[in-house]
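Multiple structures follow.
Two complexes, one shared chain (subunit A), two partners (subunit B, subunit C).
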Partner chain A sequence: MEEYSVIGKRVPRIDAREKVMGEAKYAADYGLPGMLWCKVLRAPYPHARIVNIDTNRAMRLPGVKAVVTGADFGGWTWGFMATTRDEPPLAVDKVRYLYEAVAAVAAVDEETAEEACELIKVEYEQLPGIFDPEEAMKQGAPVIHDYRPNNVSVEYHWNFGDVEKAFADSYIVREDRFETGKVVTGFLEPPASLAYYDPSGQITVWAAKQSPYFHYRHLAACFRLPLSKIRIVQPFIGGGFGGTKNDSVAGDFCVVMLSKKTGKPVKYVYTMEEVLTTCRRRHNMIIYNKMGMTKDGILTAVESRVIGNGGGYTAIGPLTMYLTGSGTTLPYRLPNYKYDAWRVFTNNPVSAAMRGHGFTHTRFACDVQMDMLGEELGIDPVEIRMRNAIDNPAPGTEYRTVNGIGIKTCGLKEAITAAVADPLWADREKTPKQEGFVSHGVGLSGTTYQGGARQLGHQSCGAIIRICEDGTVNFLTGATDCGQGSDTVLSMIAAEELGVRYEDIAIKRVDTAYTPVDPGSYGSRVTLLAGQATQLAARDAKRQLLEAGAKTWNCAPDDMEIKNGFAYLKADPEKRMSFEKLAKIACYEGAGAVIIGRGHSSYGLETIDFNRGTGNGGTSYSFTAQTVRLGVDMETGKVDVTDFTIAHDAGVPLHPVSVESQNEGGAVQGLSQAVYEGFIMENGVTYNRTLLDYKMPRSTDVPDIKVIDIITNDPDGPFGAKEASEGSIVSTPPAVISALHAATGVWFKKLPVTPEDIVKGLKEAGKWGVKD
Partner chain B sequence: MGSEGLITVRIKTTVHMPEVPAEVEMGQGAVLRDLLMKLLQKLPIANELIDRGTGEIKLEGLFEVRLNAVPRNSLPAGDTTELHHGDILTLSLILLGGG
Partner chain C sequence: MEQITIFVNGQRHELLIKPWATLLDVLREDLGLTGTKEGCGVGECGACTVIMEGRIVNACLILAAEAREKEIITIEGMAKGEELHPIQQAFVDIGGLQCGFCTPGMVLSTKALLDKNQNPTDEEIRKGLEGNFCRCTGYTKIIESVREAAERMKG
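This part shows the complex of A and B:
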């Protein structure tokens, strides 16, 4: 592989100093003179008709400047597709989940705004609620949206190959019911926004958004303004993970409407209780999975029936259900596949996207079921995976799944080989199996995730590189660094392409008035698509510089190269000048010039057909093999996860520190969803509504994590890169389940696996309280 | 040819839209505009797609429309393209957003 000057180096993160020094400003840190505070009034019922709203008493409270209700938005609704825009900023006719927003107040301080909310009198007519998606699909269930009288928000029925024949011809077939948990995205910075609707009719917003250009479009549509009048200024973002910060929430619209009404800047900051009871969360999915194999453990067919608990509105559900099904045909060869999926409205908070979007559900079910079949066939977990794993295609060739996903590089077999060669797996028989009540187990998984998400519509990223006359570089991208480190990686790409030092790149945070429009930070797309835009912009600027330099040296631009801050003649590297001198020549010669490079991503599109399940949603796909070691207390069911080894194919790790930290973060989040976290809900009520009760692992709970890079050098990624932020959240839950099985002999099929579940499983298996 | 001299146009959608049928029968001489009006009027967002004043069909940024795989905006006769029995109309919804 080519030797790079910046790519692959462990440079410090570009935002490290500000964050470590506590100087990074987040949305909640912003304020303006005369600013008002917004608080949102929420419904006390999960399903009720709104009969009347009386805001008079609230308006009379001293310090209250304005009150808004759903009627103020003139019937406007939003959603991810034209046909599913079913969500209003504030409920209008009825509420569809507990604590849905119904009104909002702007007042001189938070306390007054809160007090005013209590003075708003809302008259409700309670309606019967429906909370279980399988119950909600039944005839006669309460209807949540009139436009979907069967409560089915979206459904797909795909069929590839001949599943029935394949099952009939299989040596072994098993059917299991799996379920994934009700979990929150898990950012620490709650949604917040400061908005000012100024007298010229322009809206300026400082908002915690990982995809600010969605919000920019939402505000333009909601307030019927041209996009040029909407300005989102991007503060630092305290984590996103999809869903809420890729969307708008009630507070986002209310602060703008309240600012319009009062002429003052208005700010809201959600409480963590609002986050845990009302914000977007991962879909809870029920998966009825049927898998067939030959006697030799070769996959013959998979049939998945998936029911997604959608909550009160559609949001991004159609894409979720597509991704949940499409990922099943990876990373193992699967010739026959059937998928029936229903996303169902319930009177729960809205389900949407989250890190590992879609793939987490069916890859969990399929990877665990593959292990179960392997056990029945007497084939060990490594062998069953190696027999079925996709080979790494020869350069210039492509593997196509039965549903049309194209794979140009696949490091799964290499990853499995590396993971099981690591002592965590290789020496597992050398460590004690049981110590007292604690039984130890080591598990394995092999999974995949798509990178470079692309779909029909405005999906291209842009970049602008401006060369300053002193040889430093201003870099504009529309891609948001929401904590994943993309500003660092994109700056590295710019530096490498231009041939300058990393520290000479000054990246600016997103400001929709100045930065190029960008789809957003989701689907592991920023490094790949914004990265390609950055490469192209840097090449454009470099071309202009070389043309100026070539005139000076009386040579052709192609005779020159720029590297490590110097321009030189390829034929005579001793003849060189500094990048600063080259920039000055380019900018000052004659009447001077302005060196601006521009680029936008152009990977093309293979249209996703949601209805038929075909398409190629990513530009490339990452592959992960993971081992987990844990101990289970056979009396109490307590699980202590001590070690992870993650072998991850991210193509070429551009910034190894970020690749490692993303793998670690994804794996810990996956661990959390495997054995720690989950909403405790009944009849639409969330009982664990603080981070004291909603359990996530603390730093002391995090296992030792080893990350092994599997290098595949993908032809489509910038410098060979693939995704490195979502693969390990997909690989961790099945690896944990595999380890739990190794420790207890019991298969657990519902996430999260709680100590109570383990004790119950051990009792059923006659293993409860087994001691060394 | 369909029943009583009607022509049948097959409708393909890329995203679940229960309001849109798999096939539509149209009269002889019907053009693309007639078909789109018939289909779009069934959608909950019909008011947004069809300008009540001018009758203009506004799908840019919301749907990609193809007739027999040719993009609507590239059809030589545009919305006045005459339909034929067996034509395939594809309606692809454009998503605003990702994960």
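This part shows the complex of A and C:
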């Protein structure tokens, strides 16, 4: 591989100093003179008709400046597709989940706003609620949205090949019911926004958004203003992980409307309780999976029937259900595939995207089921995967799945080989299997995730590189770093392409008034697509610089090169000048010039078809093999996960520190979804609604993690990169289930697997408390 | 309103506060020290960690009145001007942070740990950071940063 000056180096994160000093400002840290505080009033029922709202008493409370209700938004609703815009900023005619927002107050301080909310009198007529998606699909179930009388918010039926024939011809077929949990994304920074509706007709907001340009479009549509009048200034973002911060929440619309009404800036900051009870969650999915194999363990067909617990509104659900089905044909060769999916409205909080979007559900089901079939056939977990894994295509060729996904590089076999060569797996027989009541097990998974995701609508990222006359660089991107490290990676790309030092790049955060429009931070797309835009913008600036330099040296621009802060003649590297001097020549010579490089991404222009299930959801695909070692207390069911080894094919790791950290963080989040984390719910009520009760992993709960890079150098990514942010959240749950099986002999098919589930499973298998 | 005196990062502040104001409210709203973050508001996430009289506390659980006459260190008190504290420098060099929201609390918990124990084992490091949630990193690089900081501060 080519020797790079910046790419692949362990440079410090570009935002590290501000962050360790406490100088990084997040949305809640902003304030303006005369600012008012907003609080949102929420409904006490999961399904109820709003009969009347009386705001008079609230308005009379001293310190209250304005109150808004659903009626103020004039019937405007939003949603992912034109046909599914079913969610109002504040409920209008009825509420569809517990604590849905119904009104909001702006007051001189937070306490007054809160008190005013209590004075708003809302009359409700309670309606029967429906909380289980399979019940909600039945005839006669209460209807949540009139436009979907069967409660089905999204429905797909795809069919590739001939599954019926394939199952009939299979040596072995099994059917299982799997279920994934109800979980929150878990960012530590609650959503917040400071908004000012300038009476001349412009909106400025400082909002905690991982994709500020979604919010920009929402505000323009909601307030019927041109996009050019909407300015979103992006603060530092305290974690995203998809869903909530890729969307707008009630508070976001209310602060703008309240600012419009009062002429003052208005701020809201959600409490963590509001996050846990009302913000977007990952879909809880029920997966009826049928899988067939030959006698030799070769996959013949998969049929998945998936029911997604959608909650009260559609949100991004059409994409969720697409991704949940689309990824099933990877990373193993699958000739026949049928997918029937229903996303169902229930009176629960709204389900949406989360890290590992879609793929995580069906990859969990398929990877575990593959192991189950392997066990029945007497083929071990490594062999069953190696026999089915997609080969790394020869350079210039492509593997096509039955649903039209194109794979140009695939490091799965290499990743499995590396993961099982690691002592964690290789020496598993040498470590004790049993210590007292604790039974140990080591498990394996082999999974995939897409990078460079596309949705519908606008896909392209842009970048602007401005060369300062002293040779430093101002870099504008529309991409948002919500913690993943993209500002660092993009700055590295800019430095490498321009030939300057990393520390000479100054990246600016998103301000929709100045930065190029960008789809956002989701689907592991930023490094690939904003990265390509950055590369092209840097090349554009470099071309302009070299043209100026070549004039001075009486040569052609192509005769010159820039590297490590110096421009030189390719034929005579001794003839050189500093980048600063080159910048001065370009800016000052003759009539002078302003050097601005620009570029936009163009990877992945293929269209996808939600209804047929065809096409590439991403520009490229990562592959992960993971091993897990854990111990299970056979009496109490308590699980202690001690070690992870993750072999991940990210193409080429551009910033190894971030690639490792993303793998580690994703894996811990995945671990939590496998064995720790989940909402406890009954009839639409979330019982664990603070972080005291909703447990996320602490430093004492997580294993030692080793990350192995698998290099495949993908042609559709800057410097060969593929995604590194989401692969390990997909690979961890099946690896944990595989390890639990190795430890206990029991297959667990519902996430999270709690100690109670383990004890129950052990009792059913006659193994409870047994010491070998 | 109640009058209190507190010492924050070596500076004396006389403040008029609401009796129900928390130390977190006072630090963020009255003193403008927004490096201390509010995550959960119930003392569970550790984003509001500060050091009070040498001990780490969750500023969201401490009434400002309880901090009367107390010495408090916030993240803003760690660096000397532009020069980072060795703990901060170790987090920068190792990459023990991602979104940064938990970072001020992590740095202060590390300080409280290393002030008491210059040679912590990995288990002691994990225990020392137990009150600080991080959702981004999986803790691996944070633990490595603390190990590195301990090494550097010894030398």
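One rule holds for everything that comes next: the second predicted complex is superposed on the first by the 768 of 772 C-alpha atoms of A that agree within 3 Å, B and C clash if a C-alpha of one lies under 4 Å from a C-alpha of the other, contacts with A are read in each partner's own complex, and residues count from 1 in each chain.
Criterion: contacts are C-beta pairs under 8 Å (C-beta built on N, C-alpha and C of every residue); 3 or more make two chains touch, one makes a residue touch a chain.
Since the structure is predicted, the reported quantities are computational estimates derived from the model, not experimental observations.
After superposition onto subunit A, the partners subunit B and subunit C occupy separate space and fit alongside each other. Judged by the touch definition given at the top, the superposed model places A:Ala16 against subunit C, while subunit B stays out of reach. Panel annotation: after superposition on the shared chain A, the angle at the CA centre of subunit A between subunit B and subunit C (CA centres) reads 150 degrees, nearest 10. Within the superposed three-chain model, A:Ala453 lies in touch with subunit B and out of touch with subunit C [touch as defined at top]. After overlaying the two complexes on the shared chain, residue contacts for A:Ala58 are found with neither subunit B nor subunit C. Once the two complexes are overlaid on the shared chain, A:Ile230 sits clear of subunit B and of subunit C alike.
Within the superposed three-chain arrangement, the count of touched residues of subunit A is higher for C, of the candidates subunit B and subunit C. Look at A:Ala353: by the touch rule set out above, it reaches subunit B but stays clear of subunit C.
Looking at the shared chain after the overlay, A:Tyr147 reaches subunit B, while subunit C stays out of its contact range. This overlay, made by fitting chain A, leaves subunit B and subunit C with a least C-alpha separation of 17 Å. Against subunit A, in their complex, subunit B makes its touches with residues 12-19, 43-45, 48-49, 61-64, 92-99. Partner subunit A is touched in their complex by these residues of subunit C: 28, 33-42, 44-45, 47, 74-76, 78-79, 84, 88-89, 91-93, 95, 97-104, 107, 125-127, 129-143.
Those residues of subunit A whose C-beta lies close enough to touch subunit C in the complex are 10, 12-13, 15-26, 28-29, 186-190, 236-241, 269, 271-273, 482-485, 657-658, 660-661, 664-669, 690-692, 696, 698-700, 702, 704-705.
Put simply, subunit A touches subunit B in their complex at residues 80-83, 85, 147-148, 154-156, 211, 214, 217, 242-243, 246-247, 316, 318-319, 323, 353-355, 357-358, 453, 455-458, 519-520, 522-523, 525, 607-612.
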